[in-house]
Structure formats: structure tokens, C-alpha cells
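After this come two complexes, each holding chain A, first together with chain B and then together with chain C.
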Partner chain A sequence: MARSASSQSLDHLYRFARNKGAVLGLIIIVIVFAAAIAAPWLIDRDPLRIVYRPEIWPFTNPKYPLGTDSLGRDILALILFGARTTLMISFAAAFTATILGVIIGAFAAWFGGWLDEVLTRLTELFQTIPNILMIMTVVAVLGQTIGNITFAIGITMWPPIARLTRAEYLALRDREFVLACRSMGMGNIRIMVTEILPNAIPPVIVLGSVIIGSSILFESSISFLGLGDPNVASWGALIGDGRTLIRRSWYICAIPGLAIMFTVLAMNLIGDGLNDALNPRLRDR
Partner chain B sequence: MKRLILSRLLQIIPLVIGVIVMNFVLIQMAPGTLLDIMTSEQQITDPAALDRMRELYGYDQSPIIQLLKYIYSVFTLDLGYSYRQNAPVLDIILAQLPSTLLLMLVAIGIAVTFGMIAGVIASVKVNTFWDVVISLAAVFFFAAPTFWLGIMLIIVFSVWLGWLPVGGMTTIGVDYGFFGHIWDVIRHLILPALSLGLFYMAIYTRVMRASMLEVFSLDFVRTARAKGLSTTRVIFAHVYRNALLPVVTLLGLQLATVLGGSVVIEAVFSWPGIGSLMLDSVMSRNYPVVLGVFVLSAVVVAFANLLVDIAYYRLDPRIRNR
Partner chain C sequence: MGRLLEIEDLRVTLFTRRGDLKAINGLSLGVDRGETLGLVGESGCGKSMTSLAIMGLLPTPPAKIVGGSIKLEGRDLTKLSERKMQAVRGREVGIIFQDPMSSLNPVYTVGFQLAEVIRKHFRVSKAEARKRALSLLERVHIPDAERRLDSFPHELSGGMNQRVVIAMAIACEPKLLIADEPTTALDVTIQAQIVELLKEIQSESGMGMIFITHDLGVIAGVADRVTVMYAGKKVEEAGIDALFSDARHPYTRGLIGATPKPDDERRHRLVEIPGVVPSLADLPEGCAFANRCPLVFDRCKTEYPPLETFENGRKAACFLAEEMEESYVAPVRA
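Right after this comes the complex of A and B.
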């Protein structure tokens, strides 16, 4: 720990920037974020409103550059507003999962004993149920709103984070600097948060970024199946709506799918880049 | 070995109870009881009939008693009764199970076989043209939503080329005879299995490549090379065998999702399996079936864990001698 914190983070930044894929991923995510934020200014109407004749092909009408869908809604508007829904749900869900997982993993490792036993069993229990079935059921039971979908994905995705955090805390628990803090009389929670967490968090962040990618896939699957929030634009729902028209207007399905794929791809590339930057040990894999 | 199997089998009991309790609590959170849904769907308003049904389905008792009764009945292999299909839940699930197993096992088979081959090629030819092509393909298939990939495959192979059917498991209303029937199912199976398989394949390729590269850097590989073994022998006799363990772990995790992993693909291809049943039951709030699928899934996970343990035992002598 000879290096100062700022030179260390510069080092991380440098390693991240050297990874071309990660930079590409970051650029894509920035574009998607920009689209999500700018959507209300670019399109000043409800994206779910019918604006024109249905099934106008992309690049044929300058007013609707990506064409219209099966009902006559503007696909560009649906894609832009869909970015809002997707980013909001996936980031919030991954955040929920990470917080839950870190708390559960940290408590299990730090206090050990029966608490560890209970929390580890709970983690295994949640991993027993196939993710998508769990998310579907929670959304169907609680109701199809953005908040409930976020909750459903968050409550399903925490086990891997908890397992990883537990392993990190177990490895750090008996190190000398922790012992020093204890002998100084620091409280449990204070040591866990201010001393161990900064050392345990890098791999958790990497996993968190991968979970954002999976959350995007889960959100779009749920909307595709017709379990999404009917009041907001969603990429998955657009694919679901366009499915019946694949013989004539296959572009309605193709376009939102590309949006999903490139966003997930970008998150995975960022995850790889973070892994290289934060875990130099694994760099050459 | 026997002790290992026994302890794994005993783990099924707490696992199943945990799954039941968790989902029971979840279902209790839903507005309205199953009874309200049934009666409103079938337009039953007679108070005497309502009371009789309440008693029949046990809704006159407290949730705790209902829960204990359900747990007891699960261990007597009774998963309850579905009013919708008018049949026992276990029968309904078992009727749908074979088609899901067929789809998932074929998809996983495709994924493991071709994913491992691609991973080995990429690791042997690391940082060359082939490595880049394979790794890029893996990155793309890992990011593409399976349901979207499925629809795109339908557009190309069913709509444009007309080679394969759009959905379902058999052609309805045609009698092909025994072998014709098998060929018919295979034709229906190709696209859904490929959509799922390409996604899983991407995962196996990445894991296999990373695992091979890691083993390549170990000392015993250098020793094998120094002994003068041919490159092929080093790759297959030394590296490949040792790189298999992460793939086995992954395969175990995957077997655990065998019941749920195909929900979305089954919806795309109208495949008559557990996924379609589950989606229909969730939508119509047919909770006995939902709960039944979860219970069965817990049993499958426990058996998958057991299979992984046995595979580890066979593959890695270090574990055997412990």
C-alpha cells in the first residue's frame, strides 16, 4: 500500500483505457444514456401514441426514420423511450442486488457461526429457483409496474454477489490491518464498512456490471412475454408486439433486438475492462 | 462416495421445504385467494357452494395450517389439484416434462459439444485470426436475447427459405408413421434448440478458452513439453483434461435451470413444455401449478448437484483421495 490512492486510480483508469473493447463498450453505453436522457426533448409526445399508418418501413419516411410498428407508433420514439425503461430497471435492479448481496455476504463472513449457516442456506435456496421463473412469478403476483419488475430482478440476482462478498470478507477477516482495527476498539460495523469494504469491493463491482447486462436481458424477456409495465415503452414489448408481422414487416422485431444486443454487449465489454483494470492478477486470461 | 450421495439426497428435504415456504409467502402476498379467482372465472355466486369450496380447498384454515398441510402432501407425492385443467398438478407437469427435457438436453448438448471445440481452438490459436473470430462470435451470442435470436432464425429459415416449421412440436393433422413422426419432431426441434444452444455455447466457449489458457501456463505443461511430447499430446492428454473442471461446474449450474431456462423460447416457438405451462399458470394465477413447478425444480437442482459431485470425483483424483 505504498502508492497513494489517486495514483492507484489513475493506474486503473489507464489499464481500462488500454482495453479497446472496454472503451467501445463505454462509448455505446454513453450513447444509450444520452438517448435515454434526451428522449423527452427529441420527441415531445407520448411514445405509445399512434402517429401514422402502421408498418411504414424504416428509411422511407423522413418524419419517422425507423418506421412505424404494427399499430402505427413511431419506432424511433419507442426505442429512445425504451432506453429509459431498460436503463432505469437494469441499473436499479443490479444496484439492489449488489447492496443486498454485499450486506448478506459480509454479515455471513464477519459474524460466522449460525448466522453464516442461515445466510448461506438462504443464498442456496434462492439459487435453486430458475431466475426467470422467479422474476415472472414475483411480477405476476405483485403487479406489472416498473418498481415491481426492478424489485423482482433485484431480489433474484443477489446470490452470486453474496457468495463473492462472503469469500472476499472471509479472506480479509483475519488480516493484520483488521486485527489492528479491532485492538483499537473499532466497532464491527465500522470495520466492515470503512476498512474491509474498500478492499473487497473491486471484484464485486466487476460482477455487478455483468449483472446489469443480465438484468437488461431479463427485463426484455419479461416485457416480451407480456409481463412488462403496459404504460411505458420497452424494447422487449416492441419485439413481442411485432412478432405477428414477421412475414411482412420483420424490421419491427429486428430493430429493438439490435438495441438490446448492443447495450448488453457494451455492459459485458465494460465488465471485462473493469476486470482487467481492477484485478490485474487475471489480466492475461 | 456412498456417504456423499446420501448426504446430497438428504439435502433435498430442507431445500424443498425452503422453496415451498418461500413461494407460499409470495403467493400469500397476492391480492385475493385462489378461491376468488376460481369463483369469478366460473361465475359461482351461490354462498353454500362457496362455503363448500372453501372447505374443500382448505381456505377456511389459517395460512400456517395450509402451509403445513401442503408440505405434508408434497412428501406424499401429491402436489395439489389444478382446477383449470381439472387434473392433479403432478400429472399436468409430468405430461409437459418430456418435451422440455428434449429441448433443453439437445440445446445443452449442442452448446457443450461445439462450445468446447470452439474454446479449445481459440485457446490453441490464441491471438490469431481464428481466436478473434471465435471470441467475437461468443461475445455477440452472449449478448443477444434468445427470444430475439429465435425470431430472427424463424424469419430466415422459415419465412424466407421455407426450410423449417415456424413453431409447435409436431405437424398437426398429418400421420407420418413412426419414423416420419421422429423426423417431424426433429425438424420442429432444430430452431428452438439452436436459439438456446447458441447462447449457452457462447458461455462454454468463453469458459473453456479461459480455462485452457490458464492450464497452459502451469508448470506441469512445461514439463510435458520438455519431455518432448508432441503438441497434440500435450493439448489433449494434459491441458484439455485439466481444463474440464470449470466446464463441469457450469454444466451442473445449467442442469439446474433445465426446467426454467426455456420459458421464453417455448413462448416463441409454441413449444408445449414446462415453460409454456408456467407462463400460462402465472398469467392465470393458477398457483398450485406454479408451486408444483418450483418444487420439482428444487428436486432437479439437488440431483444436478449430485451429478456434479460424482463427475468431480471421477475427473479429479485429488478430490477422490481426500
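Right after this comes the complex of A and C.
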């Protein structure tokens, strides 16, 4: 029986849903997204404002269910608005890295020769620089804004995407359908974008979801080290601020720590699920 | 108006680390409108290189056209820019490759891929392209064409896919169709159907066709004329009947002897051609077939026999071509 395009995507959905961990991950991410979107309606004030006495423990004051931090800021507000910052930066950074990596990898593999040589060396060069150092340097030079942090993470994370894309393009480049496309009169860019890319993209999407997870960690690390954007709430910054009080009021670090942990875990679970859905050959290992 | 396709003294060399390999060494051939030229030879004799050279799709590096011309209606394709060549490919010259399962992009429906080719060369709306795609599928006799438009290549059989590939190749009504071993990857029963389809399309459209194969049995049913290639050179050219009844080159006779004939009452053994094609890296000074030829003599080893023209425009490159008896049959080696 012939299956239509929509039933093929149903197939993917089915394989994704069969992975219980992936569904759990998706639920967590949906909750985080919902929190991020709803934040301004739930909390009608600047989350960075001091609202009460410092160091109120969670579940003791119904007005501030997650308590207050060392400065007297509402932790619930910081977590909700922090979700905005974290998601925005990590998704945008992973997107930047994926676009950069795909373009570099695709050009290297398709045109080969000296271009491949130059781009592959460039990729390797970037991989030798410790990621966190690179991000810190770029943010320190450009300034501590959300845009610059996103850019810094994006240009640091592309090498694995580029290498994967290059490998996929190399394998697909010599397939007969590519020759057939050329024999129909299609040009290089046309074939690279509309013919090869859809075949090469599934493993790249899987890796991309893992890179979103790492971007969350990098964003938090940068904020923890005090290099984040000082004008927005951030989970990493909250941990950094609470770190001196860890013996007395450990919840200040623990709550954003759990938020980071669950979000990154959820992203990785989704990555596994996408792998099952998009690379069925690897599924039954 | 001259011939549709005129290849003159084409030379293609592969520049590799092992040295320069002459993949095509001074090949000349011509195809008229409405004519089918069979191109026959063993693997590695330069058949596919020839078709890729016509399409301007030689893998460069290492392959490069180092001499000669390929003229389509008088225009030399070897001198066209890549941009102009893209307008020729698919529009004026179409090609069908060997393996239909891998010639189609697995992520798109066949209807989409057909419409894509049509829209590449004609300015038509998506709906119009789909309509044309549908009529193309009907033209290549795909049953239930309307529904097949939305099928993916992996949902169709090899024979069906080859029909789709043919539909794509003729989508823009090219003047020349190159069929590069179009039946090799298919079941025998499907082979005959595909050959019939190609013949039918050709007689309807009047295009010229180059039919490449290593199977003389297939060529007998389609070609008007046959060019036999060996080690990058043409060794014989003749009308289809003359070739089978009265081949002038020992290699051609060997190929005919190695082809099973189902209607032959006597169940005689198939005769193989002993030895293998010489490596392009060290072609002999004389005739490239000398080391396998049953009729070889001293002159063959030092001098390459020129391609001579005989009656009815037939050609052969063998010193013995003229005196070869009609009754001659390739001898069986003990």
C-alpha cells in the first residue's frame, strides 16, 4: 500500500511516542516553555526587584512560595523569568550553531579540494579551544548582553554540527540521484539545499537538540561566573548569588540547580526520542 | 541540417596518481533524429564515460576532455559554460541511469520530483506542472497514475521506478535521450517491458537515442545501428542486421558468441572471450584486443589497425576485417 506524506510523519510521531523517556522530556520542556511564556502574567513586576526580607525558606510564606534569596528577591519570579532567558539564549544559540555548522559542513563536503581543507582545519582549530574559555572571552570582549551571549555560544558550538553535516554530505554526494539531479540541469546550490539537505538533516536535528542542552549549561555557567546579562533574571546567576549562603540557605542554589538539571535532562531525552523517530535503523540496538 | 549529435575524435583522459589513463581515445560517432544507436562493450570500455561526457558531467578531477568535439545540432557542448550546459541538461539531452532505485531522491514523492524538473525548464504554475507530471506518468504506462504521483520511490517496484525515471528524462521532450544500461538492474521480464516503452516513446517523439548496454541480446531489439567499443575506442560500427550476421571484428564476434540465443535449436555451449580487458594504465602499442584475439598475428602487436569504412558505411578496426569470412565462428578454446 502506498503511504502518503502525512502518514509518514505520523510514523515518526509514533516512534517518538514509543520512547517513554522522550515523552517525559517533552512534557518537562512544555512546562518550562509554559512558565517562560506565562511569567509576565503570573508575576506583575520586575523579577529583580527586592520584595521582602532576605532568606525566607520555601513553603513558609504563601506570598513567596519558593522563598526569597540573599537580597530578598522572589525566587519563584526569578525561576519563571529565568526560564525565559535560558530558553531564549539556548535555542537561539543552538540554532545559530546549527545554521553555521550545516553551511560550513555542506560546502566543505560538496566542493571539496582546498575549500574542504580550509574549512576542516578551521573546524578542528575551533575544537581545540576550550568552549567555556571561548564563550567567556567573546562575552567579555563584546559586552554582557543576551544577544552577545547567544552569539558567543553559537559560534563556539558549531564544529560538531559541521563535522556531522560534512560526513552526511560526503556520503550523499556520490549517490546516483544527485547525478540524476545534475543531469536534469540543476545547479550546485539548488542540489545542496533542496535535494541533499532533506536527506542529511535528521541526524543533525538530533545533535542540535543535544546542543540545546549544552547551551543551557553554558548559559548558566556564564551567568554563575557573573558574566551574564545583569539586567535579566537567570538561573545560573541565582546559583552564583546564593553560593556564599550554601551552608545556611542551600535552597537558593538548589532550586535553580534543579531547574537547570531537569531542563537539560529533558532536552537530552528529547534528543533520544528524535533519534528513534528519525533514524529508525539505529532503533533496535 | 546536420546530424543531431556528432562526436568527433573525442578524447577523455583520467589524470590519476597511477598515470594518465586514456578512458576515451579518439571516439567518433553520430546519431540522427529518430535513430537509436546502440553502444556496446564490456565494463570499463568507456561507454558510461561517453554518456557523461555528452552530459558534461564527467567527474572532474580526475576526468577531463582533452580533445575532440561533441556537437548537438552543430553546437559544441564541450565549449559551453557550466551555466549554459545546465540549460541543455534535461531540456535538450535527457539521461536514464542504471539503477532506478537510487536515481530518485528518497525524501520526495515521484510527483514532486517530476514537477520539479518541469518547473526547472518551463515557466509553469505548480498546478500545471502537476498536471503535466500526471500525463507523463500515464505516458509511461504507470497504472493508477493519479495515486502514484504521491508515492515515494521506496513504495514502488524497480520497474515502476524506472518508468518514473524515464518520465523524468523525457519530461522536457529532449532531442536526445541517453539510456545508460537502463535495464541492467531489472528483472528479465521487466527488461523487455522497459525496452518496449523506450521504443514506443522514441517512435512517438522522434528523438535520437543512445542505448548503452553490455547485453547484445537487448540491443538487437532496439538499435538501428550499433557501435562496439573496446578499451576507449570504437572497434566496429554497423547496422543492426549486418552486425549480427556478418561482424567484421573478432571482438564483436566474440561478444555475439557469448550471448545466449533462446531461439537456437542446437544447445551449443556459450563461447566466452578468454582473458580480460587490458588495464588502461598499460595499453599495448598495437591493437588493444590482441592479447585476447583468436586471430592475432605479429602485425597486431606493433601497429593499431585503423578504423576502415566498408560497404553501407560500416566500419571496423581490424587488419582482417575485409577478408573475414561470413561463416567464421569464434573458436572454442579447449
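To be clear about the criterion, the second predicted complex is superposed on the first by the 280 of 285 C-alpha atoms of A that agree within 3 Å, B and C clash if a C-alpha of one lies under 4 Å from a C-alpha of the other, contacts with A are read in each partner's own complex, and residues count from 1 in each chain.
Going forward, a residue touches a chain if its C-beta (ideal position, glycine included) is under 8 Å from a C-beta of that chain, and two chains touch if they have at least 3 such contacts.
Just so we're clear, the structure is a prediction, and the values are computed from it rather than from any experiment.
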item	value
Partners on chain A (chain B, chain C) - clash or fit	fit
Touching partner for A:L26 - first (chain B), second (chain C), both, neither	neither
Computed vertex angle (chain A) for partners chain B and chain C, CA, steps of 10°	100
Which of chain B and chain C A:M184 touches, first, second, both or neither	second
Partner chain in contact with A:E195 - chain B first, chain C second, else both or neither	second
First (chain B), second (chain C), both or neither touched by A:R175	second
Dominant toucher of chain A (residue count), chain B or chain C	B
Smallest separation in angstrom, by C-alpha atoms, between chain B and chain C in the superposition	19
Contact footprint of chain A on chain C as seen in their complex	55, 57, 86-91, 94-95, 97-99, 102-109, 116-117, 120-121, 147-148, 150-152, 155, 165, 168
Contact set on chain B toward chain A in their complex	14-15, 18-19, 22-23, 26-27, 29-30, 139-140, 142-145, 147-149, 151-152, 154-155, 159, 210, 213-214, 217, 256-257, 259-261, 263-264, 267-268, 278-279, 282-283, 285, 290, 293-294, 297-298, 301
Chain C contact footprint on chain A (complex, rising order)	2-5, 8, 175-177, 179-187, 195, 198-199
Complex interface listing, chain A residues touching chain B	121, 124-125, 127-133, 136-138, 140-142, 213, 217, 220-221, 224-227, 236, 239, 243, 246-247, 250, 253-254, 256-257, 260-262, 264-265, 268-269, 284-285
